[in-house]
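In the two assemblies presented below, subunit A is common to both, partnered first by subunit B and then by subunit C.
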Partner chain A sequence: MLAEVGFIATFLAFGAALYAAVMAFYSVRQRDERRLLSARNAALATAPLMLVSLGALLSALLTEQYQIAYVWNVTDPNTPTFYRITALWGAQAGSLLFWSGLMSAFAFGAIALNWQAQRRLMPYVIAYTMLVLAAFLALSLFFENPFERYWIMPDDSVAKGVFALGGAVPPSAVRLAETANGLNPLLRHFGMIVHPPLLYMGFVGFIIPFAFAMAALASGDLSSNWIKATRRWTLLAWLSLSLGLVLGGRWAYDVLGWGGWWGWDPVENAAFLPWLLSTAFLHSVMIQEKRGMLKVWNMFLILGTFSAVIFGTFATRSGLVDSVHSFARSAIGFPLFFFWFAITAMSVGLLLWRWRRGELRDERRLHGWLSRETLFVLNNVIFVMLFIAIFWGSFGAPIFSELFMGTTITLGKDYFLQVTPPLFLALFILMGVAPLSAWGATTLLRLGKALIAPSLLAALVVLSLALLQPTEPLVLLIYGLIALSGTVALWETARGAAARHKRLGENWYTAFTALIARNRRRYGGYLIHLSIALLGIGALGSELYQQETQRTLAVGQSLELGGYVMRYDGFLGGQIAEDGRIMDIAQVTVLRDGREVARLRPRRDFYPNAEGMNTMTIPSAHSTLEGDFYVLLVDWEPISAQNATFKVFINPLINLIWWSSLLLILGTLIGMYPERRVALATATVEPSSQLAGAKA
Partner chain B sequence: MTQLAWEKPENVPVEASPQGIQWKYVIGLIVLFVGIGYLILQGTASGARYFISVDELLKGDYIGKTVRISGAVIGESIRYDPQNLIIDFTIANIPSETNDLARTLHEAVRDPKATRLAVHVRDQVKPDLLQNEAQAILTGKLGEDGIFYATEVLLKCPSRYHEIAPNQSIADPSIGK
Partner chain C sequence: MKSLLRICLSLILIALALSAISLSAYAQEDPRRPVTDDEVNAVSKKLYCPVCENITLDACGTLACAQWREEVRLLLSEGKTPEQVIANFVARFGDRVVGTPVDPTLRALALLTPWLLSALVLLGTGVLFFRWRREGVSDVPKAKTVQPSAPAPRRTYEDYRARLEADLAARR
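What follows is the complex of A and B.
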């Protein structure tokens, strides 16, 4: 029953999306309000339909309907409820459906909230969102259907289909449950409940600014309207993608057991590429809003972001790249590639058409190298260069060499470690300098004066990092430049609050909150800069000063690393967890200066029922602001476990990476929070927003 | 009123757009692009790894060059010294990757005629995925002694990347799994 309900709801959502797309385009041609209303209603209907569809699949997972092939593949009777829920996105077919569900929810929100204010863009927004949704639903219906069931054919062979084929009978429920596959052990991590949904929200969320940009190009309303309407959607998508990336790193750190968190793996890079373009976009739209410049560039960035999202989806889900993160090689590769090509060609075509007609001309020119707009342009160029460098390293070089050289050339981690650091450093320097420059023009002297106090603060950060561990002068300089991007943000906020305190006599708390409330975008942005600076320091410290050792210890013996002593206390073998896995756990005590600081339990999990990969090495770590003491259980003597071998890492400053994401969330939420009504009222008198539709 | 929504707004200000190319910025951009382009080229030259099969590695002139190879892991050959973190195993040549990777790997391991290559890995914990019929993607150098010295090991376990279907046993409760 659940399979039928899910399949029919998905099919209806596909039909509604297709209908809405066609009808929306047609309504523009015919200038027919009734048809547009019909298109809108169909578009809005896709969200509840997808809710039913996802609800059916989730119910099937929770109620153990193993006749459904997807349920059989990702769960078994031992799977705890928690992982039954995460199994919804645990494999290709379910995660594709989940992706479409999120997309319909985003489309629902954007259409419902902007319907009145953006009437002129709406037909196209509906058309483009629904076109993309229909394409993804088609993949679910025709290539990766999560509602297919197993059937026993009259000749006793096993077949797959949503509905019973002629003479087919369902297999025995008991046998199905006995043979069910269970969730991939790699995905049994608490992070998997939030990492994929956040990453998908990030990917899918960019459909909204993409559709509005396409709508602006198609409708000819090339003012900043589309940017204003989508600013919060873009920030929401960007925040989700950022957190998805950080949590993905955390998952790798916790589960893959190699002591690192970012491996420059093609799939990680595929998710990072849209982040780079969208971050550039978030900066450059400010120039269009404030100075009427970079109109073509902004279009290019957001269309490029979405194109990168679809390309990344294709790369991850087609089996194109070899990676621990990728999905099964799948039949959706070619259709997804075709869709990516079509959507990219359509975007570029529309953009070129408007450009050639001269409708995207800038209203101002650049003035001086140090003006804020020039520095923003420079920041954008570097983001795009990073995009090119990482794309080339992950996909460009292998594809190019295969097409034109008859061999495959891949670029490893060393390529990325050689090419990207100077570009990242340039971005940090710009992050420090650009907020201090003024629109229009700034002199070097003024900029230099503004940099004095933040530089002193940055020097304090460098000093404390130098005291923490011996560091080379060049690295200290780089630490300083990264820190500067954060201290500028701190100093500027403090300066603003001090000015209010002095001028208006407000107490410090009021001065601070009122300052932020007056310009949430700016101070939210500063908080994000601060979080990225912390992340940068964490990434650099953990990459450059990681220490590692490995030793075999007898019970009672210790090893030393970086001022810590680790003692092997004992072993707990064959512990059975509630999901049926067998855990072999080493017990170790970590001491510093003779005092016990932590008791850790690195372990090896064995999944007796899992096909293929059935062991997982789970690290255990003692975390402080200073860094992690990270222990892997490598091996042990059978039965007695009198001796066990450990691999131990010290990852300095790594926790700054995870903790910085809290500031990132706070900063983005402040930036997204609606401005006060006064600000809104002034915004409406700006000529560019006086649209016929807005007034209607 | 609603009809107005279709019309192009008339009061959008179209400022006289500044004309002419701002050469100093264009030149600045070109310098930047050339610099970064050089960085990318240099990185490519030093980071490029030929991705080849075991057969190609042994037939070509690759001794001492860093390459990336792909092969099927022969389970019984895996030897692991956890005290010194040394892994030795043998891989078999994979003729050409097909859509059914699991079958290709299975056949490569069982084929006595398939070219085999001994692999030596130092200072690495044995990966959980290193097992019979996994696909190994190894970066390293072929030594004069005919052993491949790998520095980077990436493993793909076909069952993880391919959907498994239940076998005939689900049709008949009397047959074991």
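What follows is the complex of A and C.
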């Protein structure tokens, strides 16, 4: 019953999306309001239909309907309820349906909230969102149907289909339960309940700015309307994608057992590429809003972001690239590639058409080399250069060498660590300098003066880091440049609050909150800059100063690393967990200066029913502000476990990466919160933004 | 008989002595040395699993990779340098086992292409900057702007109100 309900709901959603897309285009052509209303209603109907569809699949997972092939594939009777929920996106078919469900929800929100305010753009927004939704639902219905069931045919063969085929009977429920696969061990982690949904929200969320940009191009309303209408949607998608990336890093750190958090794996990079373009977009739209510039560029960035989302989806789901993430491969490669090509060609075609007609000309030009808009453009150029370098390393070079040189190559961490660091450093420098420059023009002297106090603060940060661990002068300089991007944000906020405190007599708390409330966008942005600076320091510290050793210890023996002593105390073999996995656990004690600081239990989990990769090395770590003491159980002597081999890492400053995400959330939420200003006020440049100029 | 026994004993002693000398010489020539796990991992970190792509040999949990790590250990113990061990793997499995290709053409292609493409982007931006500065502000044609799309019912209401006002003014 659940399979029928889910399938019919998905089919109806597909029909509604297709109908809405066609009717929306037709309503524009015929100037027919009635047809547009009909298109809108059909588009809105896709969200509840997808809710029913996802509800049916979730119910099937929770109630152990193993006749449904997807349920059989991702759960077994030992799977805890928590992982039955996460199994919804645990394999290709379910994650595609989940993706479509999220997309329908985003479309519902954007259409409902903008229906009155953006009537001119709405027909096209409906058409483009529904076209994309219909394409993804088609993948679910015709290639990766999560509602297909197993049937025993009259000739005893096994067939798959949603509905009973002629003479087919369902297999024995007991047999199905006994043979069920269970969830991929890699996905049995707490982070899996939040990491994929956030990542998908990030990917899917960009459908809204994409659809509005396409609507602007198609309708000819090339003002900043589409940007204003989609700013919060873009921020929501960007925040989700950012958190998805950081949580993905945390998952890799906790589950993959290699001591790091970012491996430059093509799947990680596929998610990072749209992030780069969307971050550039979030900066450059400010120039269009304030100065009426970069119209073509902004269109290019958001269309490119969505194209990168679809390309990344194609690349990772089709098996184009192999990686630990490519658990979900199937026959959707060609249709997804065709869809990516079609949507990209359509976007580029529409953009070029408007450009050639001269309808996307900027209202102002760049003047000063140090003006804020010039620095923003530079920042955009570097984001694009990073995009090129990472795309080339992840997809370009491997595909090119295989197609044209007949050889397979892998560009790994070595490549990325040779190519990307100068570009990241340039971005951090611009993050520090650009907020201090003024719109229009700034002189070097003014900019230099404005940089004095934040530079002193950055020097303090560098001094603290140097005291924490011995560091080379060049690395200290890089730390300083990264820190500057955060101290500029802190200094600017403190300066603004101090000015209010002095001028208006407000107490410090009121001055601070009123300052933020007055320009949430700017101060939210500063908080995001601070979080990225923390992330940068954490990433640099953990990469450059990671210490590692691997040793075999007898019970009672110890090893030393970076001022810590680790003693092997004993071994608990063959422990059976509730979900049926078998755990082999080592017990170790960590000491510092002769004092016990932690007892850790690194372990190896074995999943007897899982196919393929059925063993997981789960680390155990002692975390402090300074860094992590991270232990992996590599091997042990069978039966006696008298000797065990451990791989031990010290990952300095790594926790800054996780903590920075909290500031990122806070900053983005502040930036998203609606301003209380009247429309006219947005056109004027606030005096405080002219920091460098005001000082003259 | 006694002399025969003496001769045999002498021959055995000589044979034992010779074998001892040859064995000790062999033992002296054995280049193998103990290799620590850290040395193996340092090399394995630079090699990618030839089977499961994008996982370095030191982190891969498969049996094949465990055997390859032992091979790294053996090669190091035989006195090979890390570079020689890596070259050995590349010769057998191709450039896919290293993070950046060893083959000079592939290496140049891999490392120079992103910089060349980036240089093009920079050049394009630079040209645009100079052109904009030369053109200045005044000669830039104002972009064709379209009125922000207003809510349809309100626009109808505004139109209606405008017509009403005009009508009333005419009557006055």
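Here is the rule we use: the second predicted complex is superposed on the first by the 670 of 696 C-alpha atoms of A that agree within 3 Å, B and C clash if a C-alpha of one lies under 4 Å from a C-alpha of the other, contacts with A are read in each partner's own complex, and residues count from 1 in each chain.
Everything that follows uses one rule, which is that a contact is a pair of C-beta atoms (placed from the backbone, for glycine too) under 8 Å apart; a residue touches a chain by one contact, two chains touch by 3 or more.
From a predicted model like this one, the values you see are computed outputs, not experimental measurements.
Because the two structures share subunit A, they can be overlaid on it, and in that overlay subunit B clashes with subunit C. Of the two partner chains placed by superposition, only subunit B is touched by A:175; subunit C is not. In the superposed pair of complexes, A:295 makes contact with subunit C only, with no contact to subunit B. Once the two complexes are laid over each other on the shared chain, residue contacts for A:197 go to neither subunit B nor subunit C.
Look at A:615: by the touch rule set out above, it reaches both subunit B and subunit C.
In the superposition on chain A, no contact is made by A:432 with either subunit B or subunit C. Judged by the touch definition given at the top, the superposed model places A:397 against both subunit B and subunit C. Contacts of A:266 after superposition on the shared chain: subunit C is touched, whereas subunit B is not. Set side by side, subunit B and subunit C differ in how many residues of subunit A they touch, and the one touching more is B. Judged by the touch definition given at the top, the superposed model places A:28 against subunit B, while subunit C stays out of reach. In the superposed model, A:415 lies in contact with both subunit B and subunit C. Within the superposed arrangement, the part of subunit B that overlaps subunit C, taken from 110-118, 128-136 or 164-172, is 128-136. Shared interface residues of subunit A (contacting subunit B in one complex, subunit C in the other): 33, 119-120, 220-221, 223, 257-258, 292, 322-324, 358, 361-366, 374, 377-378, 381, 385, 388-389, 392-393, 397, 407-415, 418-419, 423, 550, 552, 613, 615, 617, 645, 647.
Contact residues of subunit A toward subunit B in the complex are 28, 31, 33, 69, 72-73, 91-92, 119-120, 150, 152, 156-158, 160, 171-172, 174-176, 178-179, 181, 184, 186, 220-221, 223, 257-258, 292, 319, 322-324, 326-329, 358, 361-366, 369, 374, 377-378, 381, 385, 388-389, 392-393, 397-398, 407-416, 418-419, 422-423, 550, 552, 611-613, 615-617, 632, 634-635, 645, 647, 687-688, 690-693, 695-696. On subunit B, the positions that touch subunit A within their shared complex are 1-9, 11-13, 15, 17-18, 22, 25, 28-29, 32-33, 36, 39-40, 42-44, 46-52, 68, 80, 82-83, 85, 99, 101, 125-126, 128-129, 131, 137, 139, 152, 154, 156-173, 177. The part of subunit A that touches subunit C in the complex is made up of residues 33, 116-121, 219-223, 225, 256-259, 263, 265-266, 292, 295, 321-324, 358-367, 374, 377-378, 381, 384-385, 388-389, 392-393, 396-397, 400-401, 405, 407-415, 418-419, 423, 548-552, 613, 615, 617, 645, 647.
Interface residues of subunit C facing subunit A in the complex, by the touch rule stated above, are 36-38, 41, 46, 48, 52-56, 58-59, 61, 94-101, 103, 105-106, 109-111, 113-115, 117-118, 121-122, 125, 129, 132-133, 135-137, 140-153.
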